[in-house]
Structure formats: C-alpha cells, structure tokens
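Going by the order they are written in, the chains are A, B, C, D and E; count residues from 1 in each one.
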Amino acid sequence: MNVIYLAQDPTLADFGRDPWWLVLIKVVVAFVFAVLATLLGVWFERRVVGFMQVRPGPNQVGPFGLLQTLADGLKMAFKEDILPKAADKVVYFFAPTISVICAVTALSVVPFGPMVSIFGHWTPLQVTDVSVAVLVLLACSSMGIYGIVLGGWASGSTYPLLGGLRSTAQMISYEVAMGLSIVAVFMTAGTMSTSGIVAAQGHGTRLTVFGTELPAPGWYAILLLPSFIIFFIATVGETNRAPFDLPEAESELVAGFMTEYSSLKFALFMLSEYVSMVTMSAVTTTLFLGGWRAPWPITLWSGANSGWWPMLWFFGKVLILVFVFVWLRGTLPRLRYDQFMRFGWKVLLPINLVWILALSGIRVTSGWERTDRLIAIGVPVAVLLLFVLFWPSRKPEQVRTLQERVDERPAGSFPLPPMDLQVPPSPRTRRVVAEREPANVGVGSDGSDEKEV
Amino acid sequence: MSLSPYVPIIGLFAIAAAFALFSVASARIAGPRRYNKAKLDAYECGIEPSPEPVGGGRIPIKFYLTAMLFIVFDIEIIFLFPWAVSFDLLGAFGFVEMVLFIAAVFVAYAYVWRRGGLDWD
Amino acid sequence: MSQLKLPSIDYVALAPILILLGTACAGVLIEAFVPRRARQVVQLVVGLVALVAAMVMVVRNANLRLLTAGSAVAVDGPALFLQGSILVLAAVALLLIGERSVERGGAFVAQAALPVESEADRRQAVKEGGATEIYPLTMFAVAGMMLFVAANDLLTMFVALEVFSLPLYLLCALARRRRLLSQEAAIKYFLLGAYASAFFLFGVALIYGFTVGAKPGAGGVEFGTIHAAVADSSASPVLLYAGLAMLSIGLLFKANAAPFHVWTPDVYQGAPTPITGFMAACTKVAAFGGLLRVLYVAFAGAAWNFRPVLGVIAILTMLVGAVLAVTQTDIKRLLAYSSVANAGYLLVGVLAMTKDGLSSTMFYLVAYGFTVLAAFAVVTLVRDADGEATHLSRWAGLGRRSPLFAGLFTFILLAFAGIPLTSGFTSKFAVFGAALDGGQTWLVIAGVLTSMILAFPYLRVVVIMWLSEPGESTPRVTMPGGLTAAALMIGVLATLVLGVAPAPLLDLANGAAEFVR
Amino acid sequence: MSDFPFLSVLTVAPLVGALVVALLPRSRPDLAKQVAFGWSLLVLAFSVVMWFAFRAGGERFQFRESYAWIPRWGVNFTFAADGIALVMLMLIAILVPVVILASWHETDGPAEATADGGDAPRAAVTVRRSAPVYFALLLVLECTMIGVFAAADVFLFYVFFEVMLVPMYFLIGSFGGQRRQYAAVKFFLYSLVGGLFMLAAVIGLWVVGGHTFDWQKLTEIDMATGTGRWLFLGFFVAFAIKAPFFPFHTWLPDAGGAAPAGAAALLVGVLDKVGTFGILRYCLPLFPEASRWFAPWALALAVIGIIYAALLAVGQNDLKRLVSYTSIAHFGFIGVGIFAFTTQGGTGAVLYMLNHGLATGLLFLVVGMFVARRGSALVSDFGGAGKLVPLLAGVFFFAGLASLAMPGTAPFVSEFLVLVGTFTVNKPVAVIATAGIILAAAYVLWMVQRTTQGTLNPALSDVPAMRQDLSLREKVVVAPLIALILLLGFYPKPVTDVINPAVQATMQDVGKSDPAPTAGNPEAAK
Amino acid sequence: MTFFSVSPTHYLILSAVLFTIGAVGVLVRRNAIVLFMCVELMLNAANLALVTFSRINGNLDGQIMAFFVMVVAAAEVVVGLAIIMSIFRSRRSASVDDANLLKY
C-alpha cells in the first residue's frame, strides 16, 4: 500500500481495494441515499407541483410537510394486501421487488465524489466502479422493465396487462435512443467506467474546427449536446415520467400495471419509480454534467474538486435534474401513445445515428489535410442532405370517388344509390364492412393495404 | 484483504433485495384481512371483468414488432459500444467499417419505416 | 496502445459474396422505395443481374487460391467451384421463384400474418400479388451459402450458416396456398434448425477449448489451427470428439442426413414449391460444401475416428430415405425422402476422404441440384383449382393428359433412379467410385442396395403417370410461363448433358479439388 | 475395309430412325409403320454387309473403334465385335423387321380390332396407343440392344445394359396386355436390381483395374481371389437375372405374358441373350478363376432351371407364359453349355442363343397371331384350331418342333453340341439335361395338341377372326424365320465358323482347354 | 476468497449443464416460445464456454465470438418471433402439438 495518491480522480485501479467494512458502509449509505431520496423526492415533487399550481402542497406532517411521504408509506403498510383471484401468485408477489432492486442497484456505480480519506483509508466516494460500469447501469435499467411487465401480466387483468405492455414497448424503444446517445460519450471518453467518464470531463479537450483551435468545455452536455438532449428525453421515457407516463395513464388505463397492486407492493412500485428518477438523474449528471465536478464559477476556487465538497456539487446537479423532471410533469401534457412511439423511433433514433456518424467522422478526419477533410465531411453531408430532401413523403390519402366506394361495398348491400345521385354512402355500409372484418387488435387488416406504398 | 470490484454491486443488490422482500412479506402480516369476493376480482372500473385479459391472450401485433425492432437496434448498439470505446485505436478503418454497418442497419430501418412498421395505430 | 493490427481484406476475392449482400440490401431498399407495381420486375431483374455479376466474378477469380480477411475466408478451388454451383442453381431457382404467370401473384402470399380464412385473407389469396420480399431474402440466403462454403474458421461458418438459414425459415412460411401447412413447416424448420445450430455452436466452443488445450495461448477456431491441434497428440481427445460430434450434428442437419432429417419431409411439403426447389438444390450444395471443408481441412487428421460413425450415419441416411420414400403418397414428400437418400450418397462421396471424393461430391451436388430443380419445376405446374396437386393419386394418367411434362418428369425420375445417360448415373458412379477408391467398400455396397429400394418409389410415380388411366381428378398441367419453362429446360438439359457428356464438369471439379489450408 | 465404323453406325442408325418415327404425325400411323419397317430393313441390309465384312478366321475382335468419352474415368466409346457378338447382332437385325411387321396392327385402336373381328371386350383390355411411339420405342430398343452387343468398354456396356430397360419397360407397360403394370414394374425392378449389382461390380472392377474400362486391359489385370469372386458374383447376378437363370426367373413369365407379342419376341429372343452373352464376354474372361470356382454352382442352377421350368411349362394354361417357361428351360441349356467350359459346349451355347432367338421368336409371333385372333392367350380357349386355320396351326407346330430341338431344325444342332460338349466333362449334368429334352417334347406337343388338334372348340368358330388363316403379311413374317431355322438346321457351318474362334478364345481366357477326345488336341487332355 | 475464485472448470460445467437443460427442454416442452427460449439457453451456454476458453487461452478471441453469437441469436429471435407470431395469428395457438397438419 505504498502507492502515493496524489490524484483526485480515482482510476479503476483504486477500486476493489477497500476493506470489507468500508464496502459495507458505502453500500449502506448508497441504499439509505436511495430511500431518503425517495422520501424527499415525493415530497419535493408535491411541493413543487403545488407551487406551480399555486397551492401549498403537503404541509401538515412535520416541518414543511417533510414527513408526509413517510406517513403515506406507513399508512400503506397497514392497508390490506390484496391478491387478486386471477393473478399468478408468485410472479405477482415478486414483480415489485424486481423493480426496486434494479433501481437501487444502479446506484452502485455512480460516482459521488473524488478520492477522500475515510477513517484513514484513501478511497473514492463511489460504491464501486468497474470497466463496464455504464453497462451495469444499462443492465439495471433494462432489468427494471421486467418488474413492470411481469407485474402487469401477473395481475390477470386487462388494464395492468396493457399498462405493462405499453410500458415495456416504451421502455425498450427509449432504451435504444439511450444506448445510442451513450455511444458518443464512450467515443469521446474512451472508457466505459463511470469514474473514467467523470475524469474525462475534467479537462476540456481542445477542439480544432477549421483550423482555429478552440478550448472546448469539458462537460459532455455541451460537447455532445445532441446526445445529452436525447439521453435526457430517453431518461424521462425510461422512468415512465410525465409527459411519457403512458403506462399509468389514469384516463386510459386506470393506474396501468399497478392497478391491481395495493399496500406495500404498490408502495414499492412508487419507490422504484422515484429511485429510478433519482438514479437516472445521477447517471445523467455523471455522463454529461461532469459528475461531481464543480461548475465553472466555482472551479475558480482551487479546492472545489477535492475533499468532500464535490458531493455537494453532485447532489446539487441531481437536484436540478429532479426539479426538471418535476417541472416537466407540472407543465407538459401527456403524449398520445402513437406520437410518443413515433417520436422515439422516427426522430430520436435517426438523429442519433447521424450524429454518431458525424461525430466519429469529425474525430477520424481531425488529423487529416484540410482539403481531404473537407471532402471527407462534405460528401457524406451532401449525400445525407440529398437523402433527406428526396425522402419520399407519404402519398396523401387519395380521395376516392363515389363509384369506388360503392364498388367496395360488400355484395348485397342495400339500398344501392343510383349512380348519378350525389349522396354520400350511408353510414350503415361502413358499419357492415366493419362487422365483417375480424376483430383484429393491432394492425388493421384493411388499412395496411394503403399504407404500403 | 480486498474484495473484487464487483462485490459491492452484489452487496447493494442484496440489501435492496432484502428490503424489498421484507416489504412485500410484511405487507401480508401488517395489513388487515377482510374477505370480499368482489375485491379479489380483476378491476375493470366496476363492470363485470372480462374472463381473459386482452382477447384471450392475443396481444396486439405492434408490441411484437416493437420488440423485434428493439432487438435489431439493441444489437447494433452492442457493436457500437466497443467500437466507440476503442474508437481512437481503430481509426479510419473502424470508421469505415462502422459506416458500412450503420448503413446496413439503416437499410432495414428505411424499409421498416416505409412499410409502416414504425407507425402505431 | 498502438494501432491495432488490422486484417487485410482481398475485396476482389470476396466480390461475389459482397455483390450478393449488396444486392440483398438494395433489394430491401427497393422494397421500401419502389412503387408496388414495379417491384416484382425490378427485384427479379436486379436479382438475376446480381447472380450473373457474381458468377462473372467467380469465373474471374477462378485461379485464386488464398486465405483472406484474417484467414476467415478461404478462396480456393472447392470454394469457387461450389460458389459457382450455388450461383447457377440459385439463378435457376430464382426463375422459379419469379414465376407469376402460373398463378396470379405467384406462389407467395402477400401478408402471412392474416388470420386464415378471414375475409382479408380470401381477398389476398385471390387478387393480391405475392410478397416481393422473397427476393432480398433469397439473395441473403445465397450470399450466406456462398460464405458458408468459403468459410475458413468455425465462427465465420456459424455466422454464414445462420445468414443462409434465417431467410430460408422465413421463405418457408410464405406459401400462398395451404398457409397453415406452410407456417407449420416454417416453425418446425426454424425450431429444429435453431436447435441444430445451437449444437453446432457448442461444438465450436468445444473445439475452441480443444485447440486451447492443445496449445494454450494459440487457440482458435481457424481450420489451420484446428488441423495443427488435431495433429498434436497431447491435446484432449474428449473435447475433440465431443466438439466434432456436435459440429457434425449442425452440419448434417442442414445436409438432411438421418437421424437429423426429420424436418425434411415436412418442410419440403409445406414450403412454397419454388423455395423447396431452392432448398433442395442450393442448401444441399452449401451444407455439403461446409461439411467437406470441415472434414477435409480441419479434421482430416481424425479421419480414422469419425469415418466409421459418419459411415453408419450415411448408411442410415440412405436406408431411411429409400425405405420411407417407398411409403409416401405426396410427391413433395417423396422428393424430400429422395433428397434424404441422396444426402446419404453424398456422404459416401465425402467419406472417401480423397481428392476424388471431393471432386465427385462436388460433381454430384451440381448434378443433383439441376435435376431436383427441374423436378420441383414440374411440381409447380401440375395444378388444379386449389393450387398444386401434390398427392400422387392425382397424378394418375398424367402421361395421357400432358405427355410432354410427364415425359420430362419421367426423365427426371429416371435420373434420380440412376439410369445411365442421366446425370443421376454419372454422379452416383462418381461418388461410389471415389468411395471404393478410398477403401469404403461397405458404404458402396450399402449405397447400391439402397439404390435398389429407392428405384421403387420413382418407378411407382412413372407407373402412376403413364400406366394408369386418367381419372376425374387428374389435374391439367398448366402451361408454364417463360420463367418456369426456362428453369425446367435448364434443369432437364443439364441432367441430360451431365449424363451424356460429364467430362468437362468432371475435369473442372477435379481441377478445383484442392483445399487451401 | 474394316476401317469403316460399322458398329457405331449400326448403333446410331436405329436411334435416328426412332427420332424420325417419333416425330411423324400421330394421325398417320401407317406412315410410321412403313418408315419404321423400311428403316429396320436398311439396318438389316447394313448388318448383312457387315456380316460379310467380318473375316471369320481373323482377329478375335474386329471393327474396333474407340472415341474418348469421359477421359477422367477412362471411359471410351469403344465398339468391337467378335464372332459371338456378330451373330447376336445379326439376330437383332433379322428379328426387328420381322417383329415390326408382325406388330403391324398392334397399335390399332380397339374399334379397328373389333372390325377385324376380335372379341371386343377382351380386345379393349389393351389400350391402344400411338403408332409412332410404339415403333419408335422398338427402334430405340434395337439401338440399345445393338449397343450392348457391340460395346467393348465395360462402362459403355453397362450404360446400354441399363438404358435398354427403358424402352422395354414402356413397351410392356404401355402396350401390353392384362397385368401389364405389374409385369412392367417387375421386369424393371428385377433388371434394375441386377444392374445395380453389376454397377457395384463395375465400379469395383474399375478401381481394381486402375481406372480403366477397356475390356482388353481389364482382362489382363491381376486381382485377389476374393475380390475376383465378389466382382464375378456382381456381374453374374445381373446376367443371371437378365438371362434368366433359375432362382431369378420369375419376372420372365409375367413380362413375356403381358408384353405385346412382338416385344415379347424381342424380349425373349434377344434381350435375354444379353445375360448369357454377358457371362461369355465378361464373367468368364474377366474373372477366370472365379468362373472356374463358381462353375459347379452355375451348372447346378442351369440344370435345375432346365427341369424346373420344363415342369412348370407343362402346367401352364397361358400360351405366352408357357412359351416364356420354355425359354427359361432353354436358357438352362445355354448355361450348361457355357459353364461346361468346352469349345463344343460354348459353340453350342452361342448357337443356341441364335437359334433360340429364331425359334422362340417365331413361337412368340405365332402365339401372338393366335392371341390376336382369339383375343385370349389361354390354352383352354382354343382347341381344334387347326381345323379353322390349318396353315397357322402348321406354322405353330413347326415352331414347336423347332423349340423342342427336333433334328433338322436349327436348335437341334446347338442342343446337340451343348450336350456333347458337356458330356465330355460332366456326365451327370449332361444326363439330367437330356431329361429336359423329354420334358420339352411333352410340353410342346401337349401345347400344340391342346390348341390346334382335337375337337373344335365351339366357341372358337364364333370368333370371325379365327376363320382367317395367315394373311400375306403374316406369311412374310414367318417365312424368313422358318427358312433360317431350316437352313441353320442343315448347314450351320457359316455360323459356327464365326463363333468357334471367339468361343475358343473365351475358353482360353478362362484357362480351360477342351478334353482330348472331342477337341482332337491330345496334349491338353489329362 | 475462495468463493469468488471459481476455476474455469466450474464455468465449463455450468455451461454444459445449461446446454443440457436447454437441449432437454427442447425435447420435452411443447410450447413454441418455450422451445425457442431453450434454444436461446443453449446458445448462451455455448457463449459461456467460449468466454471461459477465451479466458484460459489468454486472449479475447472467444469473447469476440460470443459477440457474434449474440448477434446471431438476436437475429434468430427476430425471425423466430415473426414466424411464431404469424402462426399464432393464423391459428391462435403457439403449441407445437397443435401443429400437426404435416404427417406422413
């Protein structure tokens, strides 16, 4: 143990050296953080939303109503735990735990601060870090889906099932966008370890754009702005938060996958939602907002990034992000499901792909001759522009003549209007057609014909 | 004596699991129990619950389609990650290969788009 | 870290495969952007042009003997010969696939997922054109096969295996008529195929472990490495044998060898007939191409150990194919069992483990491919109101109704039965001769004995066609469109030419019969 | 002189004829018949020229010609004829025009058959089909038969051997009588099975012989005793099925019974000779050791065949089947002659092959004439037919006599040679075989008596066709055969001169020399 | 700690066990989706073996292979789901036992 620790930034080598008691402390602290964050987060949300809606919000239990969440939790613990008749007992029982476990476990690789000395041990303020830490994060967020879809399925009821399915479709759709936006981070940082990514954001790289050298800021939120925006949007989608809270859309699905849940199981789903919100905020902070590093004006103070201070900056950033979550909820209306899916697949995904290619192209060509670079960049951009310009748009729904509509009616429809009479076809016709169609959920066997151009 | 860096992950997992299991288990004990037939039925806003959820287990085709699309693109991401991490090492060769790869995925993407696979209706 | 050592890639050598993969992608884009009416023609033309272009590249590369892409791909005589065969056979099959005049919209359904018997389904059965996605799928399959026969390591082989299998699974499910049957065939094919490829993969893993064990630090799944490891006596034989056995399961599955043939009749019957022809011809070439390379290049050193086992499998295959063919009442199933039996004969050629064995097996593959394509071409033509009339009882008296097609089919059946002056005879002679040269007398005897059994079902069809009176239900033979006619003629002519004058192709096969290790 | 490619021309000529005939319009059956007949006469004329071009005392193989076919396998189009083959070629060339002429009305529709006076319901059993196809098939058959006898390359021989099945199969299957499907399939399967045994042996021979198919080279190789015996067995089984010898004979009565008379004449007259010819040409010279080793077994089979088939023939009620069984008995004689390994026996056997072709061919054709008139092949449907059709009955009687080897007819010479040749080396076999002659007399005479003699079957006179005696066409059909049978019966020398050297060479190949008393070469006697 | 330092042999045994479970599962189960999952299990067992051998070998070859296998497995899932789904939609059952039209 004679390595001299001068660097504030932990490296991968610094992990896995802690004694067992230190590991235990860290783990417990992280867990407590998660639970506390939930308690406070719920309160925070209710207060903020209340503030936005010009009403007080919870203010009775404890100072500023701080203990309201705790009281709610206790209340739930003493509610009856209903096990629906049609439910798949075992899965129904375990589903909420999956959500919670995954949400909490994700915290294990989030860096809270630099190297500090705890009881004489020089150790990073982070539970642990591995070379594939971000993959651990992604794995946790993906596994969390299981809790929801299984909970929805195991309830043995229609609303929860639909809620669970929706939630799954939504989460995996946004998972793609999320994964793609992280690619840019990896490319720039050259590592998958969270501490490494934070470290990489510490020193601003110098970016050469068309010959002029610019001191680039270190935060990837600025450097990789498109990735950051997409990532954050995907985060909101992943956590089923408004405006993407379709799985639990009250107006359509009662409470979505949670409809049949009650008592502490319900509380666990709530818990997992808030924990993931906090976790995702923390991850966003780590990946794009410089992690525990102090923002610009504070960095003027030389001690800003050492000792225990960075934890403050970190929590501050997380708090801001959580506020944004709440803010979104307070302001934006819920999307329609098709809009939501289309947004994920048709907007976020292509933008992401193109952005990654552009970024990598810029990086690859950064060492080249200027003319070569211009060609190398210009040609693909031109191609892309052409492609976008000539992307065939959907043909407008062609207005069908009366004759066509009459022809389309099933044989034996009555009465058949005379050809010259300009009468719209009777609504009964349409109904008859509709009845003769098999009740197909999902793709309309009819509509798809016109769709395929 | 030091632990592998993966051990704390397991540790946190274990604590969370213990907490979650304790919660679901205690709810059975702490809460009251009053039998009521209607209470145990599936909840459908007060109407008679349908015998099977969603038309006898038939799930709209869109969900499968989304799942398949997800798999395709997730796999793309799997390849993008290591490439991105060692991007600087691979250089232009890696870039060209990845452009080809993404172009190939884009072909599928364009097809799905044009055929309405991305429309949710 | 310094720059990684990047593999050199000989793009010219890989051109045939790349052309086809590019065409497949282009085909997908055509699906996306070309108006629906024009797709059929555009796809067909693009497909054929690509096959011809790839063939030109294969011919241009004819003298290449090298390993490329980090020795993942071998471009050598057998690879080029088999690639050429696949291309030619695929072109013929594509003609069958592209046929649209025999039935409105061709043999393929537009939307496979519509509930059967629903209104929309009936409508599409009557008036909608078939899915044109079959063309890119076919191109992917062909490209996969081309890579499969050229793969020089087990991983590339596995990937290629899947690249050509997956499109085939889908193609099987797209029959216009009898769709439930078709989908059932697809699911069976898919599940069993995936099962077999899982075995193949585990075999790859075990062989990898074997090479690692032979020389730690220098393990790999490249055939040269495996060859060296097999020669190294210090390596663990357990992993070798277990791995080889699992690899063989995967390969023999694709090759229709018993007892891994169980899918064959179902899939052959259920799949759209042009696809059945494509599978019977091209998949067989690919599967045996891969088997040849694995056994000859990687495991030649273990020949003493696997030959008896594979020999038993070969005999079993011939026996099962021949005996079960006798009991069939459906022409497609009959041809399926015949295909199984032919796999047995091919195995006999493979097990010669000599240069002659290699060349004769390759010759057999080409000859059989043409014949079987012609056979299925005829099957697509014998129709009644419900589509193809595949039950044998329906073929009664066909010779009276349409002597020309019955005559052609008779010729094909005689070729299957191995009557001289057909390619069936020359190819059988080639493999048996090679096997006898290679000391596999027992296999040849088994082959001859099963040929006797196998002659019976073929003869039965001939009898049914010519010697029975046409009944009420005897279907008419539809006049073929130009494409089917061309495919049929090519198949029959090739069968005749390879029977009467096999020398040029034999010389070609022999000249190509040298692997690069 | 012999530079002219006699054999390949002879082989190809009928094939060309077949194509021409097949392309003739179906609506003009007579034209097809005339063209086919004319063509076969041309072939006959050509083969006569060849007969005279053959130098009886010259080289063993003449008219040799060879063209590369599949060089990689050492396969060549090699044609050559020795005396044995020449005789058989002549037999084919003679029989085919006769058969074509005899089958003149074979393809006429049922309506015409009724108009001819046939029994309508029975005549309708055979569905008549297009004349061009029938005669084209006959010519194709001629081509393949010539090819089989002319081939001097084992591969080529095998090819013709197998392909020969196809036209015959369709002749039986499409143009035959009752149970023609069964008969055709049985014929094809038996032959194919035999062929595949031979294929295995051919491949084996090819491998053992160092990748050559040349007959001459293959006779010179050394092979292990076991290998030789196995390969011999492969060939022998194929030939024994073809011939047919005793346990493999069951297809012949069916095929002979179901085939149209003309085809049956060719089937028994020529096609089956391929079996015995094959034994002489391939089994003996290629595997001398194995031949000697297997000879007792073969003799046993042959002798059993003679007696067994004769006994069965006695009990037959169907004329065609009966004649088929007599043929099986005769093949027994040929087998005995071959495996006696004496020049006389061999010469007798070859001569027998020729004579049997003529005699049984005649017999089949005459039976065919009876059947065509009566509409039935059952003996019991006849009776006293001689009173209605004396000339036909007379020819029938003559054919019967020839078949039982009456002195003065050609078969007598050959049978006598066979028995003499056998007697010198193997008395028991000769004695038992002689017993076959007595049985032959029994079945032939009984058959003739039951059909043509005795009281007139009243049903017979109801059939108008039975009142018509031989037409001019039929006279032309039977006349040359009768003439040849008589000619060779009294003066076989031109033929034996051709056969003898070839047989002697074959016996030398086997390594057997004639015993002293008969061959007159004492130093070989032991 | 010995608990965390399992030897490669353990991984290989695990891999073999998983493979066997998958293989047996395909044989005994009847639901198409379950069969499908069993096949996936087999593929992943192979992956585990590959990675383990790669570890013994001391380079990353085996891990790269595992990557390829994952892609292939994913493609297989897509194709398989598509087929199963179309069957399900045309006949409302995903049980292999119900697929019995093809018999000889």
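Going forward, a residue touches a chain if its C-beta (ideal position, glycine included) is under 8 Å from a C-beta of that chain, and two chains touch if they have at least 3 such contacts.
Chains and their UniProt names: A = NADH-quinone oxidoreductase subunit H; B = NADH-quinone oxidoreductase subunit A; C = NADH-quinone oxidoreductase subunit N; D = NADH-quinone oxidoreductase subunit M; E = NADH-quinone oxidoreductase subunit K.
Just so you know, these numbers come straight off a predicted model, no measurement behind them.
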Which chains contact both subunit D and subunit E? C
Which chain's mean C-alpha position is nearest the mean C-alpha position of the whole protein set? C
So which chain is the furthest away from subunit D, centre to centre on CA atoms? A
So which has more C-beta pairs touching, B-E or C-E? C-E
From the mean C-alpha coordinate of subunit B to that of subunit D, what's the distance rounded to whole Å? 81
Where the centres are mean C-alpha positions, what is the separation of subunit B from subunit E, in Å? 19
Separation of mean Cα positions, subunit D and subunit C [Å, integer]: 45
Round to the nearest whole Å and give the separation of the Cα centres of subunit A and subunit E. 30
So subunit C residues touching two or more other chains come to 33, 113-115
Listing for subunit A: what residues touch at least two other chains? 392, 443, 448, 452-453
Residues of subunit E that touch subunit C when the two form their complex: 12, 15, 19, 22-23, 26, 32, 35-36, 39, 42-43, 45-47, 49-50, 52-54, 56-59, 61-62, 65, 68-69, 72, 75-76, 79-80, 82-87, 89-91, 96, 99-102, 104
Touching subunit C in the complex: which residues of subunit B? 61, 86, 89-91, 93, 104, 107-108, 110-111, 113-115
Subunit E-facing residues of subunit C, complex: 112-116, 155, 158-159, 162, 166, 169-170, 173, 179-181, 183-188, 190-191, 194-195, 197-199, 201-202, 204-206, 208-209, 212, 216-221, 265-266, 269-270, 324, 327-328, 330, 333
List the residues on subunit C that touch subunit D in their complex, please. 414, 417-421, 425-426, 428-430, 432-433, 436-437, 441, 444-445, 448-449, 451-452, 455-456, 459-460, 463, 466-469, 501-503, 506-507, 510
Name, in rising order, each residue of subunit A that touches subunit B in their complex. 12, 15-20, 23-24, 26-28, 30-31, 34-35, 76-86, 93-94, 96-97, 100-101, 104-105, 107-109, 127-130, 135-136, 155-159, 161-162, 165, 168-169, 172-173, 175-176, 179-180, 182-184, 186-187, 190-192, 254, 259-260, 263-265, 267-268, 337-338, 341-342, 345-346, 349-350, 353, 356-357, 360-361, 363-364, 392, 439, 441-444, 447-448, 451-453
